[in-house]
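Next, two complexes with subunit A in common: one pairs it with subunit B, the other with subunit C.
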Partner chain A sequence: MRAWIRLILPANYMDRQRRAGFLFVLPAVLFFSSVFLVPLIQSVIGSFYRTRPGGASEFVGVRLYEKVFTDSTFWTSVVNTVSLLSMSVPTTVILAMAAALGLNRIQSLKWRNVWAAMYFLPFSASLVAAALIWQWIYDPVYGFLNYLLSAVGIPPQKWLQSLTQVRPSIAVVNVWVRLGFDTMIFLAALQSIPGEYWEAAAIDGAGAWQRLRHITLPLLNPQIIMVCILELIFNFKIFDQVYSTTQGGPASASQTVIMLLYDTAFKYFRMGDASVMAVFVFLTLLVVTLLQWRIFRKPVEY
Partner chain B sequence: MGRGGARGPTRAPLFRRVALLRVACGAISAFFPFFWMAVTSLKTAPEIQRVPLQVFPDSWANWQNYREVFTRHPFGRYLLNSALIASTAAVSSLVVSSLAGYGFAKFRFPGRDVFFFGIIGILMVPFQSVVVPLYGWVSRLGLLDTYLGIVAPDLVSVFGVFLMRQAIEVLPNDYIDAARIDGCSELQIFFRVVLPSVKPAMATLLIIKFMWNWNELFWPLIVVNSPSMRVVTMGLISFTNMYFIEYNLLTAAAVISVLPILLIFLTLQRWVVQAVVMSGLKG
Partner chain C sequence: MRRHSMVRVAILALIAMTLILPGPAAAQQKKLVYWTHWEQNPDFNKWFETKGKEFAKKTGFEVEVVTIPYQGYEAKYLSAFMGKSGAPDFYNGMTHQWCGQYDFCDKMPADLAKTWDENLPKYMMEMGRWQGARYGYPIEHGNFQMMYINVDLFKKAGLNPDRPPKTYDEWLPAMKKLTVLDAKGEASQVGFAIRHKGHPVGITDKFLPFAHAWGARMLSPNLDKATGFANGPEMVAALEFFGNLVLKEKVSSLTLGNPEDAFGQKRAGVIYRESWFYGWVKKNAPEVNFRIYALPCGRACPGAGQLFPWANLVYKDSPNKQMTWEFIRFISTAKDDLEQHQLQGILPVWTANQETQYVKSRPDYQAVKDMLAQPVPPAYFHPKSNELATAFGEAVVGVLYGKGQPKALLDDAAGKMDRVLKD
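Right after this comes the complex of A and B.
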């Protein structure tokens, strides 16, 4: 308490220094408190209150949680989201690793940068632009993809308009957008590995596959875990791609958790239900992040 | 992208050629949608409906779609809105983040570590979890449908505070103390000594923040009502709100929306890649 009083009424040079430091961080602290901390607490509190038409709200305990967690619409969106990310996350990580390994082998720095730039380009498009370009490629009548299929004799598919194909189709968009980002992280890590490691293994008679399995992948373990977690979080929060194309359709086949949260709050104005979903999203991603920290704290054995 | 030269074990030329082929195939598939967007934007409506499909446009100088994008919707206004919002967010978060970064890196005061780890902890709070109360605040303050309302949650970024603290922490203390002995005030030290030494970090933050906010959809969608306040991402979606989507117009609009970021990326590739790799490391 005395420290705080001296922060406001500095007595000497050291106190003035402390006050200066405090004032430097104050704007950021105030901002984050009002934009994240207070609203997060409000979200948690809001999930226990039902707002009556007219504005009065009443405490209902966990009844909104019971309502949302017994609602099949909610579970459909959770299952859809998990099904989407279980397709796009492994695909992105594996393809990014393959691309980074290939790029790392290119000798000329100039050409490596040119090829890397091509992988990275999709990252500069907004998710909306990316999804809409792909919607045009997927177009059942005039789309490029069905044109390619017809060239090899496969009948046209409905892609985003099909109950079974809509989720894999959106997963492809996610892979396309995120591939360059993951590749860059892997490539940066690969370039920090001394070349002698591979040379030594090659002299000992290790084949290409053995070198990959026993040297490269173990050394990249921290980056692989990090990229997996980042992809899980990114894909769990999928919204823009779905909102701009299918709007959750056809027949809720691409309804995701954040889409449902958005509709519940800003289309049907059921703020209590939306707060329950907000708490659910927060806790789910919290578990994922804490898991990441636990895994990261383990030292990597070289 | 780091050092050049040979990496990895020596390989037979054939093996290397196969690897290059794989890289090239991947890069071309990554690039194709961009190519498809560009050629579609140069076609007329009958051209994109031709059967069998025709890859290249009849004329490479058909700019009609680009003109029509601006007459069909106030797309110029959308671009202006996005530019305003993204640059405000970038500059404001640069100022607040570097102030905070300096405070966290070079001062001791009660509660410093609690504040710092509190801010880093916010990385674990998804924006979607706070959006409902935030909407309530913005609405109560009368900021719905205003620039301030759209930009408010993006004025500072956790990544920025983290980045600037890391950059300022490695500056030698003697440097700052020397300025202090010369009689500079704390703010003078900040602007004349600290900021000029962390220009790379500042550039990184500006680029990545501008990119993020230019491409944002979720929050603007919630606070914007009137068509004149729409941002570019919403503008793109307004081309799909018809029974039949005119993809030649939509792709032209998409090209325009991607162009600023693409130009930043191509001219500053090294910075952008560094920025993105760092923003990924934030966790």
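Right after this comes the complex of A and C.
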């Protein structure tokens, strides 16, 4: 309480400094509180209530948790989401790393920027627009991809209309969209590593693979962890691409948790059930992120 | 001194802004806002604005139409109604959802309800009603599926387009004749354009005419039970037939994309769609030579019925709801009904308009009459219809994609639907 009073009525120079610092962070705190924290708390509270929009709410304890967690549709959507991200995340990270290493070797700044911009371009496209373009590319009859395959004698595939191909097909879209962003992060990190490390290792007789394994990758550890976490969050929350291409089909093969959450809230009008799913997504991502952070993060010093 | 000047300037600026910016109440006072997701019918929607100008001469209230994209319209409606800000005065929606599952509708004044009850075709009487009370009025007639045939493909297949199949015993051989397979055994042209993509609710909607023709129904008559109905022997037989169109008979294909596109591209001989589809074909595929007939019969002849009973409803918390009802009263005439629907090329709603020159000259005139002559199929105007239709549609699409046998998938769906009904 005293600290708050001194924040409002500073008694000395240090108090004034603290107040200035507080005022600087205040807009950000207010923004994040109103946009993230308040909805999160509302979701947690909402998950214990059966709500009839426009009508009364009824406290039901953990009944909605029991209901959602015993529903096979929910677990199918979880499995679909995990399957999708297990294809997208490693592929994106590995390809982004490869692209960044390649770009880092280009000596000409102009050409490096041109290539980097090309990689980054898909990231700036709207997800819905990108998904619709890919929907056309994947079209079994008129699609560009089947046209290319037919040119080399491969029979047409069903892509988004196949139970087995739909998730890998969506994963490719995710990789395409996210590759540029991850590449930029890795490229920036690579450029901040002093070149002397590689030179010294080369003088000591280390090959390219050894330099990558023992110098580059350890020094990129913070960025790799960060990119993995970002990709995990992005892919776990996947919605736009699925919604605008398959709407969870065919036969629920691409139904993800967020798709189901959306349908539950806005198509079936079950706000409580949807809140349970939102809490599940939040806790899952929180736990996985913390685990990743604790297990894989190593301190890096140049 | 400087601080005082700044404070004065700030106060003056605030006062000036308050004077310049009109209050939200003043801005909305003279406008009735209408929300619709009928993006495919822009002329129909615009008519409200035209009529609003006429209405404004008497009352000072104009009408503003806001078109919400159909995909995800529920989320937009819900946010506005729950937030109570920026919500429309009246809107296009389903009564059993917005007035039944939710409580967002104002009851229609008795005299106006009487006008509508006296002028609607019999099968539409329940549309716009919830638990016996009228909340809104139906905006579309002919919103039931009929059989569109491609005349040229019929002729090419040696079929007579003047004598379309009347029963499913005749229908299946005709679909086989219309199907053309390529060298690899894949259909390059199909008999029947089947709905297999998109949300399961839409798939349910497109399968129900088959279910009803087989004498099946999705829910019990009082809509409180699915087991024994959604997985009854008639439903299993209907779904087996439907699935076999793709899996065994190969008269339908899962690779042709949207059924509407397949029909428009002359890759399908037959499609089941509502009355509005006639306008769509005329606009998007004018070279397609088509005719419209009543649906074929199985054990039963499915008549005019629909899963989506669209109605215009009034938001109960609208500050302008009395004026909105006045506007609806203003446009509740046979003349306006005809004018608005004719503008868009869709069927008018009022009984008095069903024998007008406009309706008689339409290619679906006889088909609509034939459908109306058949018994009204079961309706499922349940507040949880979306969730029920999703569970059911997942079974239908599961069969089409070979995920399981009809009986097993329908048993599973019926169980889920019962849980939804009990919850």
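Criterion: the second predicted complex is superposed on the first by the 252 of 302 C-alpha atoms of A that agree within 3 Å, B and C clash if a C-alpha of one lies under 4 Å from a C-alpha of the other, contacts with A are read in each partner's own complex, and residues count from 1 in each chain.
The rule is simple: a contact is a pair of C-beta atoms (placed from the backbone, for glycine too) under 8 Å apart; a residue touches a chain by one contact, two chains touch by 3 or more.
Worth saying up front: this structure is predicted, and the values here are computed from it rather than measured.
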| item | value |
| --- | --- |
| Clash or fit (per the criteria above) of subunit B with subunit C on subunit A | clash |
| Which superposed partner A:251 touches (first subunit B, second subunit C, both, neither) | second |
| Touched partner set for A:59, first subunit B, second subunit C, both or neither | neither |
| Subunit B versus subunit C as contact partner of A:139, first or second or both or neither | both |
| Partner chain in contact with A:209 - subunit B first, subunit C second, else both or neither | neither |
| Partner chain(s) touched by A:18 [first = subunit B, second = subunit C, both, neither] | first |
| If touched residues of subunit A are counted for subunit B and for subunit C, the larger one | B |
| Partner chain in contact with A:268 - subunit B first, subunit C second, else both or neither | second |
| Contact residues of subunit A, present in both the subunit B and the subunit C interface | 139, 243, 262, 265-266 |
| Residues of subunit A touching subunit B in the complex | 3-4, 7, 17-25, 27-29, 31-32, 34-40, 42-43, 46, 95, 98-99, 101-109, 112-113, 115-130, 132-137, 139, 142, 144, 147, 176, 179-181, 184-185, 187-188, 190-192, 195, 198-199, 201-202, 208, 211, 226-227, 229-230, 233, 237, 239-240, 243-245, 258, 261-262, 265-266, 271, 274-275, 278-279, 281-282, 285-286, 289, 292 |
| Touching residues (chain side subunit B, partner subunit A) in the complex | 1-11, 15-16, 19-20, 22-24, 26-28, 30-31, 33-34, 36-37, 40, 48-49, 51-53, 96-97, 99-100, 102-104, 106-112, 115-116, 118-119, 122-126, 128-137, 152-153, 155-156, 158, 161, 186, 190, 211, 214-218, 221-222, 232-233, 236-237, 240, 245, 247, 250-251, 254, 257-258, 261-262, 264-266, 269, 273, 276-277, 280-281, 283 |
| Subunit C partner contacts - residues on subunit A that touch it in the complex | 52-55, 67, 73, 139-141, 155-156, 158, 161, 163, 243, 246-253, 262-263, 265-270 |
| Subunit A-facing residues of subunit C, complex | 71-72, 74-75, 78, 81-82, 97, 101-104, 184, 186, 196-201, 254-257, 384, 386-387, 390, 394, 397-398, 400-401, 403, 416, 423 |
